[in-house]
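After this come two complexes, each holding chain A, first together with chain B and then together with chain C.
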Partner chain A sequence: MDENSSARLKRQLLGIVHRIGLFLAMLTICLPGLWIVLSSLRPTVEIMAKPPVWIPQEISFDAYIAMFSGIGKGGIPVIEYFRNSLIISVTSTIIAVAIGMAGGYAFARYRFRGKSSVFLGLMLTRTVPGIALSLPLFFLYVRLGIIDTHFGLIIAYVALNVPFTIWLIDGFFRQVPKDLAEAAQIDGCTRWQAFWQVEFPLAGPGIASAAIFAFLTCWNEFALASQLTRSVSAKTLPVGLLDYTAEFTIDWRGMCALAVVMIIPALTLTYIVQKHLVGGLTSGAVKG
Partner chain B sequence: MATVSLKKLTKRYGNIGIVHGIDLDIADREFIALVGPSGCGKSTTLRMIAGLEEISAGSIEIGGRVVNDLPPRSRNISMVFQSYALYPHMTVRENLGFSLKIAGAAKEDMDRRVAEASAILGLDTLLDRRPSQLSGGQRQRVAMGRAIVRHPDVFLFDEPLSNLDAKLRTQMRTEIKKLHAKVQSTVIYVTHDQVEAMTLADRIVIMREGHIEQVGTPDEVFRRPATRFVAGFIGSPPMNLHEATVDDGQLVFASGEKLPLPAQFKANVATGDKVVFGLRPDDIYPTGHGISSGGAADVHQIELPITVTEPLGNETLVFVEFNGTDCVSRMLNPRPLRSGERVAMSLDLSQAHLFAAGTGKTLRS
Partner chain C sequence: MKGFKPSAPFLLLLPAFIVLAAVVVVPLLLSLYSSFTPFRLTKPETFFVFVGFRNYLSILANSDFWWAFGRTVLLLTIALNLEMLLGLGLAMLVEKATRGQRILRTLMMFPMMFSPILVGFQFKFMFNDNIGLVNNALQSLGIAQDAIAWLIEGHLAFIAISVAEIWSSTAIFAILILAGLLAMPKEPIEAARVDGCTPWQTFRYVTWPFIMPFAYIAMTIRSLDVARAYDIVKIMTDGGPAGRTELLWTLVARTAYSDGRMGMANAMAYFSILLSIAFTVYFFNKLAAARTQIGAEW
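Right, the complex of A and B next:
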């Protein structure tokens, strides 16, 4: 066998190994999700079976039907929870992204006293586990009378997300060359117009990804929400999962069904926005 | 169309001075080049004229109007950036028309002016492309097109050709010259490349460490440099500069070599003066291979060893050893020479320059 054909064979073999590796990695990542979907469709006996039953024997949508059947028939107020989750996540995402844009822009473009300490301080807040703050927050919220409200959870989530959105958006504004805003100003824009006409569209993908991350954090957050909400009027979907636990039993099937209901909007949103997440829009602005 | 006038223009960042009170008057439709090594303050000066940088002291007038505190958009200038700074999310057409759109121009007016600019620069076929789909030279042209569309009073160029390769740079240089002939507006052009400055400008401003060293036509700064720095900066290959001491009508160099004191400086120096002797490569050549400088030549003959030769086809750069260092000379109608060979060199001392060793100022009266 000559050198060329052995090199070609080696390349093909490596390609196959590469694909198997990728398949295994994807399987590991997707299996829990798939297991949740499967578990929401099979009877509890099968879910609890040891050894596990890999292929479901019978499939039914009972859990989903029951979920929407109302109190007393195995149902939970899923519409209310969904509405709460949506209001809280969307509002806090919008606020966090707005603050993140202002902050990220300032960190990317301006020099000011104590800039790096402020930035470090913001990042350090990420090191505090949110749950550690739940008790102080609980007392504070009770005093302020905002316990068990949308507002209370929204400001908690904004505080949770702002350091992250600032950090992410700062990075994206840094990639937009300064010259572009200056060129826009010479072309007749005010500082404000230069931002909206040139810098904002170019940092768009970054801002979209910051928004997605912030939204998913709020949408999936459980620890704080479980402490700060009590009633149907404020509880979010993750907290709603607890409705399936009774004193002695846990309805795994119902829980899985609600988890699927939770995943669908998040998945759809990510799918819609993903094409905006792809960068590379700035190529060609400057000598490349 | 406007004059530009800088009066005691100063820029400081904290305690660090960048531009130290420069004065400059630029006539209407003049092409001015600001040159100097990096860090000399030329770009900062341009950015202050553009309004992108605040001024620390002094004043800037455009068309007789003081614009010190006006934002860039109120100065009616346009600028071509070194990086081109094209808007990547817009097509060429949108890039060209952006300033008009912001100004709220009518659609027909916008189309007409974009068409006019793209015709001047040959961009007609590229109007629907994005900057990322253009080559370097095309991007450069779009950047210039964006500048002309506005019909500005003053064009500012910030090292516009330094990102292009050598061949394209020469080509675009010619295009800029043609463009200036067509649009006839005042141009301030920043570059670190003295060849660009010499070929393009009506007048050249040579800057160094935030000060203006000399302002003059290309011919003036080449033939009568005001300082040692200008002498060394303008011209390629650069002028040969050697320190010497004046001793009884002679220049004595550190190596002990001697040259007669050029006649034109006799009245301005005295024995014991420390000076810098300068001679352009054109004015030192192997005997019989030089540029004839007419009848006024004051040629001195000297035999020097060759270190290296660089043949360029129609001429050869011959490096000879003088005063312990290399001294570059230009040999026309070259004949083969060997390293180490001693050749008779002609030095045209009527073209020599002398600068005061301390201040660096010319000793020409």
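Right, the complex of A and C next:
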């Protein structure tokens, strides 16, 4: 009896410790983001107050209104940046996924010489740091006259995304049993038809999450965009964020508001794909 | 090319090869060439002057460069190790949770959604000496009397950057390790317990080998974009104070775009590329080894 109750006590204690640990971890993860959201809704006076004001006295959407009301009213051209970001990200995602599907299919379904080295080689192109890549691209783009254009950034992002899209899509095609496509071929489908009617629908959700992942990479990219774009005609949101930093002052509230605008699409999309993403990356880690 | 019939995988991979060749390989060859010239943006004619290894020699003799290099390696070592440990801890905490796992997992992925530039901005805001959350909290709780100049003092700035880096990337380790833990069969653990293993032994010899491939996947993914620290540093301190947080990547950017010395910057860029490649190849090999160990097809 005594042993029982001490064991129960120990278990309860461990449970409490576990819960506290979990709570602290989640707090650390969420606090910075929540702080940004909160700050974007507070008047600048409150952000700057000394001693700090912990409980917001008033909540206003002024920062968001100012942001979307154009350059004249102290905002930055957020709408243009948003449009640029959207055009560039969507276009390069579509192209990258198309290329990635072809490549991923090749890795998942065919055996060929040097498969592992080709895969590694593809990955290595992705390791080149954006800033190192931006040097020759900057020079080339100036020569070709595509600096500060959507086109220039789009092809750069396609190249950035292709290796990772191939990795993910390869994983998703591996999860689709080979036999299904073979059965379809025996029933008279061509390989092409078998792909589109059997394998593609099955790998569909995975491919969609690869697409979203590619989209997010473009949406968030800064190192290349900051050097390859110059003006409102091609600047993306991450580059636009720096517009709030003047020589000596920073418009904290405005920056917070823009940060929230940037994070909302990312948040929504990641939430949708989280399950598939992990599945795609780890497929082959446990079973072949 | 007579009688040459390209195989299917080759044709399927061709578009990827073409794009990567055009946007990555050829530009990199160009930058390799220009690293042997004294090329300056302001003087285009210098592009055709060949100076051999002069840029590389002057980099090797440049103490600023070596400091930046050492700092980069230090940051990566600290960050990757802590991310691994914290990610493992976080994954195990979440795995143990009996209720609300789905919401916990979503919360856990939260930092992944932040672009590095936002992470940098967010921590710049929090570590601000005057209005930042960290100093405000410390002062309100009476731990510190005066404002701590987080981003102005060299060592503290380095710590602040590491915190930002770790905050943003621990999630990658955590979700992948969690995936490993969830995919793991329960019988070996029970068998180990029956055989009288301590919890530590169970973890060390049963759980850990199983989740290792997952940890290496996370490492490989991380090493694919170790350079995202550039964005964080760029916005948090921009290499300051007085170059105390200058990393390889910010140094490259400064040399190229502020000083306009493209040739020199390209030579430096090659060091940073080699560093990234070394990281990736190392973890990729580990990953392949771990995969063969548990008998997965590669």
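By our rule, the second predicted complex is superposed on the first by the 235 of 288 C-alpha atoms of A that agree within 3 Å, B and C clash if a C-alpha of one lies under 4 Å from a C-alpha of the other, contacts with A are read in each partner's own complex, and residues count from 1 in each chain.
Basically, contacts are C-beta pairs under 8 Å (C-beta built on N, C-alpha and C of every residue); 3 or more make two chains touch, one makes a residue touch a chain.
Every value quoted in this text rests on a predicted model; they were computed, and no experiment measured them.
Q: Of the two partner chains, chain B (first) and chain C (second), which one does A:179 touch, if any: first, second, both, or neither?
A: A:179: touches chain B, not chain C.
Q: Is A:240 contacted by the first partner chain B, the second partner chain C, both or neither?
A: Touch partners of A:240: none, neither chain B nor chain C.
Q: Kindly classify A:137 by the partners it touches after superposition: chain B alone (first), chain C alone (second), both, or neither?
A: A:137: touches chain C, not chain B.
Q: Going by the touch definition up top, name the partner, chain B or chain C, that contacts more of chain A.
A: Higher number of touched chain A residues: C.
Q: Quick one: classify A:77 as touching chain B (first), chain C (second), both or neither.
A: In the superposition, A:77 touches no partner, neither chain B nor chain C.
Q: Looking at the overlay, what does A:206 touch: chain B (first), chain C (second), both, or neither?
A: neither
Q: A:187 in the overlay: touching chain B, chain C, both, or neither? Say first, second, both or neither.
A: A:187: touches chain B, not chain C.
Q: Quick check on the output: what are the common chain A residues between the chain B footprint and the chain C footprint?
A: 281-282, 284-288
Q: If we count contacts the way the header does, which residues on chain C are in touch with chain A in the complex?
A: The touching residues are 7-10, 12-13, 15-16, 19-20, 22-25, 27-28, 30-31, 34, 89-90, 93-94, 96-97, 104-118, 121-123, 125-126, 130-131, 133, 136, 139-140, 167, 171, 175-176, 179-180, 183, 213-214, 217, 220-221, 223-227, 230-231, 234-235, 249, 252-253, 256-257, 262, 265-266, 269-270, 272-273, 276-277, 279-281, 284, 288, 291, 294, 296-298.
Q: For chain B, which residues are in contact with chain A within the complex?
A: 50-52, 71-73, 77-79, 81, 83-89, 98-99, 102-103, 130-134, 136, 139, 146, 150, 163
Q: So in the complex, which bits of chain A are touching chain C?
A: Residue positions touching the partner: 18, 21-22, 25-26, 28-33, 35-36, 39, 47-48, 50-52, 54, 98-100, 102-103, 105-107, 110, 112, 116, 118, 120, 122-140, 155-156, 158-159, 162-164, 166, 216, 219-223, 226-227, 238, 241-242, 252, 255-256, 259, 262-263, 266-267, 270-271, 274, 278-279, 281-282, 284-288.
Q: In their complex, what parts of chain A are in touch with chain B?
A: These residues of chain A touch chain B: 177, 179-180, 182-191, 193, 197-198, 201-202, 281-288.
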